[in-house]
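Below: one structure in structure tokens.
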């Protein structure tokens, strides 16, 4: 079977800095890969390249064994520091928009469930620009999980979440993993998911090193 | 540089001197304009280089989109930069010439207007590239933009026939409407100008390559320092 | 199929946002109206302006209003990376372009409904022809501008000079179109339809800038 | 003392940013040049425009360029809340206003140095008077606009109405000033200094909008 | 002696929501007050009011026993989610700008030290807009501490920091506390500073409750 995600020799420069320098990575079904690395080592950059939001200078990115394509895009989910939400729409409208784009059946029901899961159902008619940091982060999580992606890229998903939400997130990640999703998780906050079985990789000098945790 | 490259550059130098001689001494003054006509050799040759340069940008941009090879993109970029410089020359020499024969620096003749547009279009090209941090994205965006902007070149060339303006049109499908010696001088200056363009294109691209290697080296040094920090820190 | 579904969702979302931020529409409109008004103030007495100049100022005004709308929408889509979410669409990314064109077209046309009559009143320009042809040239011209603008904003998406580069690219790229619509409009002010060649320029622009982006877009939207 | 130190640091910082992003200055200038250029194209042949209209279009152009500059600086200061840092200054907050006025004034004046001569060449307007008075009215007029603009952007600093308020309010608020400078400039194009009353209007604007904010600022900027 | 900070019956509405509803708080020298509360409970809003960046609807804010004034402003420091940095300036220029505004003596030296402490001295000539999330957060921390404020408002300061930087921050907080500063700390990440002696307050229903931790 194919890997869910495969990066081979990925190289990427930003400005005059060569940030990634031949990074290799594979993720298989049911795997959570925890990527660590110092601030500025290129974790976010790697996620952007792997998720097809940015083109690698050299090297290849494969999703489910194929080159990224528009068809495959609906099977991956990305959560970055930016929430990808419209400030002028309410929480519910934002999710509905994404549900429609992804062509979900039962859009309303799914959106309703999503909001309830992140405990935002009471604020669903509030404009997102009036959300607090953690509320926005929770809505962004709901957005990422909405179309049940098989590969997930999560860049510091625990940021801004209160204790209860953190636990919930860990619980979901566990379920997703059991359901066979592949997850690339970047987080400085090891405590939040210490019960999860993760494979650790470390990003340093533009390359990924297996197994090294700190 | 290699020996044959030096030889070519030397030949170009000699060509430039000959070209100057023909412009200012060998070719005759014109019946109505007198000596002012000598601006033509500079003016028109600059226009030819500018058009060529932008054409090359458009073409190499498309090649880059298909091949994704860094070198095509760099050549396209440098070519556009040279093109802007030569368009500036066209505008300046034209204005000087215009002041002499039309008694005005500027008028809204279609050829002039579209040439000014060309200048703005490629100034924007340079700014666009410079303001995108992601190298691959900058290259792709510039390729697409360079292709679209090049549409202005045929428009300029056709402007004389589409709109009636006062800018002269002596090079037509029927040939050159001027004495053979002038035609020869003009063609020779085309040759020299295009030669100069090629040399600048080549050297600038080499420089870009060097700059790239330099930033790779700098990155190596950075990484080494980071490793050192880590060791000292812990 | 998927393409249309996505296109429709995007335009719907844009309209919803416009509707929500009505004040913003009002402000764009007021801005344009104020410009008309100030032009009237300033050109007052120069009633011997040519029809060409009359038509030209009107179109410059429309272009400025369109630019305003482009910038505004751009702001909205850049807020917390909203636009990057949309690049994850499970269909051809050119849908982003077409959705943009549709929303802008609607926006600018609604502005024109107010602006054009007012302009003709303020500057004392009387229109000698039926409204039909005027509306046709307004629609076709606006479509052309909007298409050029939508393409360029997508090109400049990640540029740090975005807000200022877009106008610099838009104006030169649309000069032939501008000349076309101004020529046609000024003919109309004198009571005839204008030369065929100008209509051809306008139509060519509309077609070119609606088809070309569809082909090139997948290169510029990432991956 | 502290006031001047802070003022100076702020203006220095603005200049440094401007200098860093020279491309930004180049592009603002190109934008203004393009507007001149399009006006030339459109008004070509209408050379029987009144002096009043000539002067009026020039000032509209300057206002547009100024508005552009205001928006740009506003964007820079809003990036990641930079401006909130500046509200923590250990002195009277009106320093924010005066720093803004100074930076803008510099920016717009540098643009005018290029724009004004070009405008007169492109539109074929010849200036009959010595440059001295022209420069004086340009400086005084620009100062007035810039002060009004800086006040409005600061007023609307934290308001989400910013994008709405600023463009709508800036034009009506500066209509008297606009009339003043246009009258004076058009007189100058005919070779005299213009009526004293207009000079008084301009001077009154400058003084009013430089003094008033200093007094009111601590009320209008949050705490 | 006066309290460093005192809030009495602070009330604040945003949009149609009454976010703070009679919040009282005092902070004395050498105290770290850890404020907890669910996402959206109003912690950031409270900090903004207490730091004088936003006016309370009702109630009073006292700094060092006085009403907030421009003179006192130089004795407090604020770190919010927004970094207050200029993207178009380099790291060094940003700090120099703040150093000049606060009229620090030895500006260059202090800035140099600040950069070294947050380990950004190698990136001091990089424009801040090209910084990664954690790098920006570190620079914002340096900015907050630069003028040695006596009262510190820190809204989720650990967000985005890598493990090493987290430890450093905790270490500084300890030192500041010993030096007699008053710190109001909002964080969902209790682990990062578990060794610090903190006084916990909980924000709920717009009011502050002493001692309640979760």
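What to note about this one:
Letters are used for the chains, namely A, B, C, D and E, taken in the order the chains are written, and counting of residues starts over at 1 for each.
Basically, a residue touches a chain if its C-beta (ideal position, glycine included) is under 8 Å from a C-beta of that chain, and two chains touch if they have at least 3 such contacts.
Keep in mind that what you see is a predicted model, and the values were worked out from it rather than measured.
By count of C-beta pairs in contact, A-C exceeds the other of the chain pairs A-B and A-C. The angle of the rotation carrying chain C onto chain D, fitted on C-alpha atoms and rounded to the nearest 5, is 180°. For the pair chain A and chain D, the distance between C-alpha centroids works out to 46 Å. Centroids built from CA atoms put chain C at 37 Å from chain A.
With centres set at the average Cα position, the gap from chain B to chain C is 32 Å.
Per-chain CA centroids place chain B at a distance of 54 Å from chain E. Of all residues in chain C, those touching 2 or more other chains are 160-161, 165, 168, 171-172, 175, 222, listed in ascending order.
Contacts with at least two other chains are made by residues 113, 120, 123-124, 127, 131, 133-134, 137, 140, 222, 226 of chain B.
Contacts with at least two other chains are made by residues 129-130, 164 of chain E.
Under the contact rule stated at the top, the pairs of chains that touch are A-B, A-C, A-E, B-C, B-D, B-E, C-D, D-E.
On chain B, the positions that touch chain A within their shared complex are 70, 133-137, 140, 215-216, 218-219, 222-223, 226-227. On the side of chain A, the complex with chain B involves touching residues 12-18, 21, 54-57, 205-206. Taken in their complex, chain E has these residues touching chain A: 14-15, 37-40, 44, 81, 123, 130-135, 137-138, 156, 159-166, 188-189, 191, 214. On the chain C side of its complex with chain D, the touching residues are 23-24, 26-27, 30-31, 34-35, 38-39, 41-46, 48-50, 52-53, 56-57, 59-60, 72, 75, 160-161, 163-165, 167-168, 171-172, 175, 178-179, 182.
Chain contact summary for the complex, chain B toward chain C: residues 65, 113-114, 117-118, 120-121, 123-124, 127-128, 131-134, 137, 140-141, 143-145, 147-149, 152, 155, 162.
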